[in-house]
Each structure stands twice: as C-alpha cells, then as structure tokens.
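Per-chain residue numbering starts at 1, and chain names A, B, C and D are given in the order in which the chains are listed.
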Amino acid sequence: MIYQRRTKDQLAARVARDIPDGAVVNLGIGQPTLVANHIASSREVLLHSENGMLGMGPAPHSGEEDYDLINAGKQPVTLLPGGSYFAHADSFAMIRGRHIDICVLGAFQVSVTGDLANWHAGDTNAIPAVGGAMDLAVGAKQTWVMMDLLTRQGNSKVVPVCTYPLTGVSCVKRIYSDLATLECTPGGLRLVDLVDGLTHAELERLVGLPVMPPPRSPAGP
Amino acid sequence: MIYQRRTKDQLAARVARDIPDGAVVNLGIGQPTLVANHIASSREVLLHSENGMLGMGPAPHSGEEDYDLINAGKQPVTLLPGGSYFAHADSFAMIRGRHIDICVLGAFQVSVTGDLANWHAGDTNAIPAVGGAMDLAVGAKQTWVMMDLLTRQGNSKVVPVCTYPLTGVSCVKRIYSDLATLECTPGGLRLVDLVDGLTHAELERLVGLPVMPPPRSPAGP
Amino acid sequence: MLNKVAASVGDALAGVEDAATVMIGGFGTAGIPVELIEGLIAQGARDLTVVNNNAGNGDTGLAALLAAGRVRKIVCSFPRQADSHVFDDLYRSGRIELELVPQGTLAERIRAAGAGIGAFYTPTGHGTELAKGKETRLIDGRQYVLEYPIHGDLALIKAERGDRWGNLTYRKTARNFGPVMAMACRRTVASVHEIVDLGGLDPEAIVTPAIFVSQIVKVERRATQAGGFKQ
Amino acid sequence: MLNKVAASVGDALAGVEDAATVMIGGFGTAGIPVELIEGLIAQGARDLTVVNNNAGNGDTGLAALLAAGRVRKIVCSFPRQADSHVFDDLYRSGRIELELVPQGTLAERIRAAGAGIGAFYTPTGHGTELAKGKETRLIDGRQYVLEYPIHGDLALIKAERGDRWGNLTYRKTARNFGPVMAMACRRTVASVHEIVDLGGLDPEAIVTPAIFVSQIVKVERRATQAGGFKQ
C-alpha cells in the first residue's frame, strides 16, 4: 500500500490539533516551534519560553527584531498583550513545578515506556549541551515528542530501550511522528493514529515493536 | 557605687551608634524597632522588614495609616524613596542568604556562646509562636540582642546555658543591655562597654559569669 | 477564549472539598482575602487544613472560619496575637491541631511545592525544638535541617489588579505570601480590586504570571483595617 | 550616603582576584553584560571559573574572555552553539574544564546560594548521565537528585535602569539570570542604561532590590545584536 509521510507543517498541524484551548505550552527549540503557526485562531494557548516569558507571540516583522526579546531557540519573537517577563529561576519553577500543561520536544530516541533521549547522540567527540530539555521532560504535565519515526537509515527512533544518553525516564506521553501518533504507556506503545495508507501491521514492522490498538473512543490529550 | 540603667531610648541610641552607614538592618519587632528613631541623619541605613519591604520609613502621620503597608510587628509604616516591595519567599531568601548585615532582636536568654532563646518562655501552657525569629537569628550576618540584662526578679538573662527553648545556636554576636554591652565569643563573654558607675567586677557579680575585658582598641561592629 | 474571571465569589469557590488543604494569604492586616474567606465559610467545606502566617484576628476572616468549626489543623508561624482569642480557645481546648513553622521555612516550603523541589536543607531552626525529629546534615561546615514542601489544594489570595488570563499585581506589603501560595496549589483564586484589559498590566511588573492563577474575582475596595499587633 | 554608582567600568571592577568564580548574566543574545566582560578582560584576573548559560558566541564578550585564556572552568547548560568556536577549540584541546548543568538546575543552584539553602532535591536529570554519582532520594513516590548551591565571588549582569541604592529593573528577556546571579555572589556589578533618582523606580516593579547589588555603572545603549541560534 502507498502512504505519504506528513510534512513538517502537517506534523505541526497534527500536534496543534491536540492542544486544548487555554493550555500553557512550551515548544522547546527547533522543529516543535512550528506548532505555534498551526494553533487554531479559535483557541487561546499561552506559550511559555523557558528564558523567561509567558504569552509569547509570533516572529516580528522583518526589521523589527529586538534581540532582547528572544525565545529559547534564541530567535527574535514578540510578546502578546497579557504576556509577562520573569527571571530564569521563576521560569524553571514553572516547569519543574508542573505548571506547564504540555511541552513538545524533539528526540533522537524514545523508548516504549517513554524514556527520552534528545540531548546527546552518544558521539564521545561531540560537545555536550543540554539546555532546558531535562527540566522540561520531567517537569511538564505532559511531554510530547515530535519527530520522524525513522532515522535516515530507516531505523526506528522508537526503541525498546534507549541506547543514547537519557534526557528523562518515563516522561514521554505521546509521540507525534511523520507516520503515526503513538502513546507511551507502562504496558508499551499504543496507537493513536496513522497516516492514510499505512496499516497497523506495516507500522509494527517499521518500528519493530508491538503496538496496541487505540482504545475504542479515542482519548483526547 | 551608683549607676544608672540606660532607658529604652538610650539603649536604642547605643545600638544605633554601632550601625554603620549603608548597612541593611532588620529590627525585628517590639523594642528593637526603637533603634530606627536614633540612627544619625548623616547615615543612610536600609531597613528591611521580613514581610516584604526594603527601605522602610518612619511611622505615618496620624490619619495617614495604610494597613496594607505595615512592618513585621504589624504597625503601619511608610516606604522611603528607593524602597521596594517583594514577596515573602524573596524576603526570607534575603535573610537566610546572609544579605542582612545586622538584625536586632529581643531575648529571654542569651548564652555566653551566643545561643539565643527569644520565642518561648518555656511555659507549657503558652501558645507557641515563632514568626521570623529563627530565620533572622541564623540568617543575618550579625545578630544583636537588645534587652534588659536582668529579669524583674534580678536574675541574669545572660546565662551559661539557655534553659528556655532555643531560637538559634551560637548566633548572637552582641548583647546591648541597659547596663552593659557584651560580645558573645566562642571563649565566652567579652565586655564592650558599661554604663557610668558600674564596675567590671559588679557586672560580673550581676551576671554571675566571668566577662573578659575589652580588647585594647575597641572593635567596631 | 481564556477567561479566568469568575462572576462572583460564590462561583469562584464552587466545589471546594472537605479535608482540603487551603492556603490563605496575608500577614497581619495586609493581604487577607476577607471576601474569599467569607465565601469559603458560605461554601461549607469542613475538616480543612489551613496554611496561613497567623491564626486569625478578632472575629472576622480566618477567625470566623475557625469559629465555624471548619478547620482541623493550622500550619502557621505566629498564631498568638493580641486578638487571636478564637484560635486560642480552640487550641487550649484541644479542638485544633497546630503545626508551628518558622516564617521563612513556611515561605520556602510553600515555594518548594510550587517550584517542584522535593525537599531542601535550611539552616533555620537547627538545634531548636522545631527541628526535633527532623533529618539534619552538615554542609560546608554548617548544620542544616531537611524540610519538605507544603502542597495545597486551594490558595485564596488578595491581589490588586488582574486580567482575564489571571495575571496579578499586588499592593505594598499586602503582597507577602500571595505569590508563593499561588504557585503551590492545584487551584488558586485571587480577589482583585480592578480587572484590566489584556495588556493593561505592564509585562515587566506582573508579579504573579497567569500560569499560577485559576480564577480571579473582583471585590469592592474597602480600606484595610487595623488589627492586632504582635507585641 | 549610600551611593553604589561607579564612575566607570574600570572602577566597578577593581580588585577582582585570580581564581574567582564569576557569574555572567545572559541567555543567547539577551542580557549579556558586554561592557562588563570587556572590563574584566582589561582588569586582568585569570584562572577564573565562569558561570553562564552558554559558553560564548562569536569572538566578543565571553568568547573574548575565553580566547584571552582567563577561564579555567565553565559551568553552563548549553555550550554548543552555531558560533561557539572559541569554546569548542579550547574544549577539544583540553584547555578548559566544563561542568554541564541542566538549565533549571543551574538557575536553582544559583538561587539556592542566594537564598541560604544548603542543598535541594530536584527531579531534573534523575536517571541520566548528568546525575551520575549524585545522591538520589525517593520522595512521595518520585525520584529526586540532590544538588548543591553555586556561590560566586562576582556577578556581572546587564540591567536596564538603576538608582544609587542599587535597585534594578531589566528589559524583556534580558532579565534571565540577572536576578538570581545578583543574589548568589559576594559582589554584584550591574550595567544599566539609565540611572534614575532615588524613588524614580516604581517600588512595586523593582526586580532586583538594592540589597543584592554592590555597584552599578552606566553604559551607553547599543542595540542588542543577533547571535547564534541553538539549532
């Protein structure tokens, strides 16, 4: 059967669909920040940036960049009316104290029970850098991962046990990928949805792991 | 020989004399708050109140009381230009983090090595209340006690070992009393000054403890 | 649309459960959310654990909640005041439990709950009766006591201005415990004297960001009243 | 009279000792006290331990301090950036020591130093390489790692406005590590773009109260420059 991978924007839109009105969300850095562009205008979502801002708005118009107003990825952003600035210790108190409803992170690997590896690809020559990932992974009420399901070499990034250094243990609740949306549960992976044309059996073959069928009435986030 | 006890105001003035220009000072509640009235106008001292204020000013004029602006003793006060308000956790971070140069507290008993008892007179029937005394006692860079040297019954409030429940261990540096100023050192009490007419020998008789003579050049605070 | 403005105190306090831990802001006369306490009395929840710096003044506010027999236990630093007769009577007759906590440790334990800290070592209280039975540790030559967070089900706090997202500012020393209590509870209800449009609060001067607030309710400004002095 | 205004960056930074622990504010492009770092390079102290979220961008500021060979060790959360080549070279050639700390743990360890906390338990990093060898503890069903404060000798921070007592406000996300670093060091020097008269800052909106600041120095405003992205 023929199936089509979700594009990065389609994937971002898929994530955005599950973010409820009024949620406080941290979109980490890199690819997950695309999610902000796809939140329905009917929903009011408060974006938190760990460098000290709640109510983050979109990128400024060209020429209006203010490099004192940046997101965690160090890109210039804006602040919405109702937004606030605070210091780093307060910002991470929000994270660690479980006040962020959802954070969306990229990943190198996720285990079936929700262990996350996203800060270090295990290359001993690489300069390690962790940023706020470890705080976000264990601190948010729900941690979602957004990634391609397979590496360029075709290996599954969802694994029985992570082989890369961990970011957090049993912290990922959902995996939004280009091919399927999966839930990590103590009992293993559970399917949420598949791209059109991809079968459950084919998905299991790609990830090399059993995937439980979705519960009868699909759970919201 | 005849000697005269310092009045409460004379005692407050004696304490004030030792507070250097630019110091950050917490005057606790009750008698020590009198010290504020005696700080020389040539010195700028920042008064901290643990309920969330730095740069506390004098009592308001009658009729201008604002009960949203009170000191730790719950009396209406004012804020000087340059003053600031902050929350309780931040206020006690200042205290515990050793940012207060001097705090002045009352006491039931002080031991020769600087143990302080000032929150509970040991009466098992009494309702206990500690407030911020334990934080101030161990948190300030210097804790000074301001009290009468003797109880109404004539017993010394400076004791070999406190019999009342402790507020803090080895935390009092100086005792300013109606009869003498004393320093608590690991080696025991050391005299700083006496009221006119009181001899060193008579002081030792009153407190019932040996008191070392002052060092040759009297130490500043 | 995110709108945390409750129509009334009654609406804001619906559903408080028996045996809840309720944090109530205020220090002395300043920052007591009187209207919210009255609302809690009307709402009827009982067997409460209350966290507050004091244990009530006179016969209103927290004292009235105590007098109504709704409070099983109080966690505070300074229950004894000139006019704390309601608490005094309950305590002396063994009808209320008291956990006495040094004021800075109280604030820090509440912050720890809000900041996701599992426990912390403080020098405060070491060697005193209030540290009896607690773990201690020598760190860098100094003795510390291990203290645990205080989590709450509900915070009732008095703020000054708010917006529909729940951002708050306070007034003078009425700020006191509001900001940390708002962090530490599953639900935080704040009274404000003014509700402003979104963007009406300076983003540099918001003290409690929206993330910590569940509902705000406007109450009329009454001048804060004088109350009992500590000494 | 209490006057913390230094006449120049040079005056403000006199006497920094070799082997000092220097905390430097800033996250990405925002809040980097460039003029103070330049002043530190000119002052000449060496064998420094630097605490900063990053490890320098391009060839100016912290990168220039590193390039000058003044830094023995860096404590940070995110050294690797698009243009962190100065650090990268030093690190790969073994000429600088790196202590990598999760960003929230970094902020909290600095706060702990400022707030007199002896140590604290955080859930962050449990079960990861960054918690290797650290004490852990199960609290209320959750695993925590014991972390210790980071104390500094000198904090260099960039603020927006200040007064002669040392009160500070910040600008937008340039606030970041400034307030906690100011608490955690024996001496804190802040650059500001404006010095106002006492009372010129709103007491409700002062972010860093005077108590945490040793000296302030006015520097000309230059627009904050773009810098390396994380990814």
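In this section, contacts are C-beta pairs under 8 Å (C-beta built on N, C-alpha and C of every residue); 3 or more make two chains touch, one makes a residue touch a chain.
As the structure is a prediction and not an experimental result, all values here were calculated from the model.
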Checklist outcome for this item: Sorted by label, the chains bordering both chain A and chain C are D
Item to check | Chain pair, B-C or B-D, that carries the greater number of C-beta contacts | outcome: B-C
Item to check | Cα-centroid distance, chain B relative to chain C, in whole angstrom | outcome: 29
Checklist entry - Distance from the CA centroid of chain C to that of chain D, rounded to the nearest Å? => result 33
Next on the checklist: Rounded to a whole Å, what is the gap between the Cα centroids of chain A and chain B?
Outcome noted: 55
Item to check | Gap in Å, rounded to a whole number, between the CA centres of chain D and chain B | outcome: 35
Item to check | Overlap residues in chain B, where contacts from two or more other chains coincide | outcome: 79, 85-86, 92-93, 95-96, 139
Item to check | For chain D, residues contacting two or more additional chains | outcome: 108, 111, 115-117, 122-123, 170-172, 204, 207
Checklist outcome for this item: A full list of chain pairs that touch reads A-C, A-D, B-C, B-D, C-D
Item to check | Interfacial residue positions of chain D with respect to chain A in the complex | outcome: 27-31, 53, 77-80, 84, 87-88, 91-92, 98, 100-105, 107-108, 110-111, 122-130, 143, 170-180, 207, 223-231
Checklist entry - Which of the residues in chain D come into contact with chain C in the complex? => result 108, 112, 115-123, 137, 139-140, 142, 144, 148, 169-172, 202, 204-205, 207
Checklist outcome for this item: The answer for chain B against chain D in the complex is residues 21-22, 24, 44, 46, 48, 54-55, 79, 81-86, 92-100, 139
Checklist outcome for this item: Per the touch rule above, chain A residues touching chain D in the complex are 29-30, 49-53, 65-70, 72-76, 79, 85-89, 91-93, 95-96, 120, 126-135, 138-139, 165-169
Item to check | Of chain D, residues touching chain B in the complex | outcome: 1-2, 111, 113-117, 163-165, 167, 183, 197-199, 201, 203-204, 206, 209-212
